[in-house]
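Per-chain residue numbering starts at 1, and chain names A, B, C and D are given in the order in which the chains are listed.
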Amino acid sequence: MVKRYTSMAYKNADDMIFGTAVHPVKAELGLEVGAGYVTAEVNYAPRPEAGVSKEKLVSEYRKLTTDIVARAVQIGFPAVSLETEHVEQMTNNPSWGGEIAHVQKTILEEYHEEYGIKCGLRHTPGDIREDRDLLALIGDKYDTLMESFEAVADGGADFLSIETMGGKEILDYAVLRNDVPGMIYAIGCLGGMDMEMIWTDIKKIADKKGRIAAGDTDCAQANTAMFIAGGLLDKNLAHTLAILARVLAGSRTLVGYEAGAQGPGKDCGYENTIIKSITGCPIAQEGKSATCAHADVMGNLTMQVCDLWSNESVEYHGEFGGTSVQCWSQTLNMDAALMNTAIQTGNAKVLRDMMALSDKYRDPQGYILAYDNAFKVGQAIVKDGNDLYLRAKNAVTETIKILEASKKEGKLIMSRFEQNALADAKASVDALTNEKDTFMSDSLAKYKAEVKVFRPETNYKW
Amino acid sequence: MDIDPTKILVRYNVQKEKAQTPDQMAAEMYPKDEPAKSIAKAIFEGEEDDVIEGLEKAIEKGANPIKLIDDVLMPGMKIVTDLYDQGVVFLPNVMMSADAMLEGIEFCKESAGSAPKPKGKVVCHVAEGDVHDIGKTIVAALLRSAGYEVVDLGRDVPVDEVIAAVKKESPMMLTGTALMTTTMYAFKEINDRLLEAGIKVPFQCGGGAVNQDFVSSYQLGIYGEEAADAPKMANAILAGKGLAQLKDMFHKH
Amino acid sequence: MVKRYTSMAYKNADDMIFGTAVHPVKAELGLEVGAGYVTAEVNYAPRPEAGVSKEKLVSEYRKLTTDIVARAVQIGFPAVSLETEHVEQMTNNPSWGGEIAHVQKTILEEYHEEYGIKCGLRHTPGDIREDRDLLALIGDKYDTLMESFEAVADGGADFLSIETMGGKEILDYAVLRNDVPGMIYAIGCLGGMDMEMIWTDIKKIADKKGRIAAGDTDCAQANTAMFIAGGLLDKNLAHTLAILARVLAGSRTLVGYEAGAQGPGKDCGYENTIIKSITGCPIAQEGKSATCAHADVMGNLTMQVCDLWSNESVEYHGEFGGTSVQCWSQTLNMDAALMNTAIQTGNAKVLRDMMALSDKYRDPQGYILAYDNAFKVGQAIVKDGNDLYLRAKNAVTETIKILEASKKEGKLIMSRFEQNALADAKASVDALTNEKDTFMSDSLAKYKAEVKVFRPETNYKW
Amino acid sequence: MDIDPTKILVRYNVQKEKAQTPDQMAAEMYPKDEPAKSIAKAIFEGEEDDVIEGLEKAIEKGANPIKLIDDVLMPGMKIVTDLYDQGVVFLPNVMMSADAMLEGIEFCKESAGSAPKPKGKVVCHVAEGDVHDIGKTIVAALLRSAGYEVVDLGRDVPVDEVIAAVKKESPMMLTGTALMTTTMYAFKEINDRLLEAGIKVPFQCGGGAVNQDFVSSYQLGIYGEEAADAPKMANAILAGKGLAQLKDMFHKH
């Protein structure tokens, strides 16, 4: 059994700040995360051509790793962290990922030795647990996935992460139908159940190998909703619903920490402010310097309490200013330098508040994820921390409450459409039971009937 | 610390919102007569039961169930997709209306004991190696709402399967979705294999990774920027447009 | 005759701030620069293939312009400005540049009309005045260049700029030989003379067409020195010398304003903080969000008093997050949003100081360009504002003084190598005459003998 | 507001600076005997007059001027370029030392009334359409300092002129510099034209826009990352390395 969170790591929202976490973690080559400074976490994707063989792939990662550290030294950055998100071949062939981790770590060691630069390395195997249209969360693919974690831990990865997919078969259906109870079921319940299983095992591997079980992200669900929601003028999903998926992710992603993860949480987990408020673990975040990877409506706000600052992903290619990884890593590191200056001059909270305010009223998503409101959502989750269903429902209820209350303040101007979607969501959530068992069995019946790719028996441990 | 946000950002979506509500705009578009009006309203609201109820009444009064599909259900759905195209209603409304309409069609078919000739058949798929299927799901839903029969091959579909499906179904159009730079090259291969087999079906390709320049590089390819372009292209094919004309229409960049 | 600056626009360095200039300027579609807010200025380069024909080039600019404004609207940015730096064909065929300006302006008008977004457009014809290895500053190419300015002004460009090259034949020689008097001659004297000629004519065109003569940059010389100097570990030029080229550029670029330019000064003019302190005109700057174009050691610092914030240049191509121009424009706009939040919350000076401090001690270049020191350099320039030679020499002397004095403070740690280069520079400048005429005739003789591509008679108006 | 910068940045250049000064390191490398020692020192300091003075003394004492070039001037210069390679001295020192050494060579040639056989001839150029020539200037200077004869075609050099120069000069090596993505394609054309003419001269290409992948795409191309790679490659050619071996040596990525 995992240990549920039923209280907050921070007394007040205002105690949260970038660069510092209640429980910092330490990588092998001097880097500490959450120990009083922010560090860039650089992400990259190999060029498509590089995928044809193991040799080409290894050489691609060798080049880009060197590029990143070399640039960091040239500009005088005291630290840098790298994240390798596996392409499918690297996870399906555990030795590939392992070798790449080893090659990268060796380069980091050389630079650390020569210049004293502090370095970290995260590996994120792909969640390969699927079979065409069907999830295959348990079984052979699960075993391969665990082998992959062992291999990258052996190779030298400091931080172990993954973006798990439990619940996604329901979310994909529910999110296109404004089905909030379905989102609660998908993200809060099924997602949480899957995470409990997998993170218990990842933690074991991390402990065995002396590495850090870092954390998950609800990329597969909350980010899917965020992307479908898109920009201000997109018409695919109300942003008031996208934020409900996100706060649900807060409840879900927390399970990883309950199973022993220690952070830094994964960059694309926009739920991480909530997570940090509950766990006190350090987090990675992405935003305005991850536009290479995606567009979001809260580019500064996500910096507010980050410990690592990431560009999410950029394909390795040339730019006028160097290779793409050099360009983006320098931008990230400069952002980090500004935050670290704020810390050293005693202005961290001022900068934090400016970052939050610059996006807080841009969109309902930013409004809720602003650290003060995110903290309230955290409180709603831990209130019923022992009940995966209730705490997920609480997160939604609290969010709706905050958004409704915002109307009085009059700064977040929601479109009529967003307000209607919110009202509909409220009605459907108010109608829900408070009994987990009832909700679970009702939902099981409903989605077995409606979603043809739903395979509850083989994918979840009930 | 606090701020007056109007000095630093503009919520263009709020500014651009039409004076009328979607409900009001839809109401103006409903047919005058009953039960067509109630059925259209039920479709707009995504209420399957009300759709069926309306259809039952109409059939009781002697309407031809198959004619109801063309005369009532399809125009009712068109109100929704038109409002979606204008940016007045959002995608989930379309999805839910489509669900309601499709149930209506099923009901009519059962009542008639026969099926109408669909407007045309379209095969949809996500490229091999790619699991990003939401764009494809939207494309399929919009095609269905527009009255097309959709054969949805799902995601991560091997080239062989796509070719086999096209041979089997002889669709008027094929769609492909790819969100990864690594997977979109399968479209070229599909194009070549189709041409080899002498099949010149228009092949609309879209999804995050795909762009017009890439799609232009193979003969059957037509770029689809947003999901709503799929029914538009199907309509254009029905109207007799050939490959060159389709490219002209959809290659805006 | 141009009107020389002999006093400062600001009383104190501390009065300078980002987003506000003493003399704001106004573009056609609502955008004001220096009027209390910072705006992104997006820069781009067409793909090589696009250069083959006028049609392809026009279509390339049409696409990327639409991309940029569409993204700005999606994220809720209140304003955006674009800069088109000509590729050679666009200047050599004035009608090409003119048509592209027109196409771009038309798109901006449409968006301005539909959404009310404030827009600006800068065109920067290339300085085509050269002939293989020789500069050809005066003559046929000059006339074509002026036609290009007329054409882009007609096409709708709000801001007219150029990166002039006067003096570069000497700088290229001097900079590789630690020859500081040669740098003074190249940048301060020859560069200034050329600018006086060309900016007097650009100003006439701007006035005739109702456009704004915006300003120049010493890209050809000070940036060349900065790039040769490179990162901390590069060994091609002492950074203490690179900053001397830069402060000389302060004296040189000022001439444009003396001939009637009003700003916003060009993004890559890292001398612009000095310029703003003297002229009070708004400036564009680039830094941490221009890593796509180049690497510098002062990515935050350059934001300190900017009015437009630029990415310098990025080739138009696809990224995971959209096209490259969309990605970078969003990052820039987010930086601007943070600065505007600081302004609105009354924290602009705090943010400015953090930006400056994050890079001030990274490198001698950042140390001098930090607004307090840049202001002192400005004062040294205007002290002898009427004498192009003396004011350039003053800038160098003042800079050396500030760097020497920094040793006491002990925060900027210079390498022994940088210190030696500085000492040598001091010795050679201390040995210089105070008489402009002597210096000019000595230098003329010296460089006619040493630099075989120097053609003083045909390139400068004596 | 002020800050302790050591908490936010590291000046790695200061940290890495050797305990010894460049002057001390050079002093340890000077030859023992006079006037070789003084001449080496004069080269290191870039003092032409002292170089000439030292040479005069040596010739007075009966030294062969042409032998002085190989035995004194070149080794003296090598001290400077070695220290540059180690990151101890900077480029301007190399440029100024090279100027001094080249004056010394001129002086020796005049004294001898004859010229020594140079180590080899290299043609340098900047691609057509490109005016960025500082990289090329550095490359040429480093080649000269290493004792190679350089034919510098300058910048913005049409392909025809490059081909003509190679035919005329028969260099052991050709270099190309390009800093713009638009101009570097000229290198491919030069490669093809050379091969057409049956000339297999190693063609080292570098400059901001150029990368190893691009250079690998044509047969004669060898990528040059930094200017110091140019004399290294010339030395390797003298040592008998062929194209494949050169690629092996310089294609590190």
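Keep this in mind: a residue touches a chain if its C-beta (ideal position, glycine included) is under 8 Å from a C-beta of that chain, and two chains touch if they have at least 3 such contacts.
Values in this document were obtained by computation on a predicted structure and should not be read as measured data.
Chains that touch both chain C and chain D: A. Mean C-alpha position of chain A lies 40 Å from that of chain C. Chain B has its Cα centroid 32 Å from the Cα centroid of chain A. With centres set at the average Cα position, the gap from chain B to chain C is 51 Å.
Chain contacts: chain A has residues 73, 76, 232-233, 315, 320, 337, 340-341, 345, 347, 350, 353-354, 357-358, 362-363 touching two or more partner chains.
Contact of a single residue of chain B with at least two other chains is seen at positions 1-4, 8-9, 11-12, 16, 181. Chain contacts in this assembly follow no simple pattern; the graph is neither a line, a ring, a star nor complete. Every pair of chains meeting the contact definition is listed here: A-B, A-C, A-D, B-C, C-D. The touching residues of chain D, when paired with chain A in their complex, are 1-4, 7-12, 15-16, 181, 208-209, 211, 253. The touching residues of chain D, counted against chain C in their complex, run 1-5, 8-9, 11-14, 16-17, 21-22, 84, 87, 89-92, 95-96, 99, 129, 131, 133-134, 137-138, 141, 154-156, 181-182, 185. Of all residues in chain C, those touching chain A in their complex are 45, 71, 73-76, 230-234, 287-295, 297, 299-300, 313-315, 319-322, 326-328, 330-331, 334-335, 337-338, 340-342, 345, 347, 350-351, 353-355, 357-359, 362-363. Those residues of chain A that touch chain B in the shared complex are 48, 51, 87-88, 130, 132-133, 172, 176-178, 224, 228, 232-233, 235-238, 315, 350, 353-354, 357-358, 360-363, 411-417, 421. Taken together, the chain A residues at the contact with chain D in this complex read 37, 59, 63, 73, 76-78, 115-117, 318, 320, 337, 340-341, 344-345, 347.
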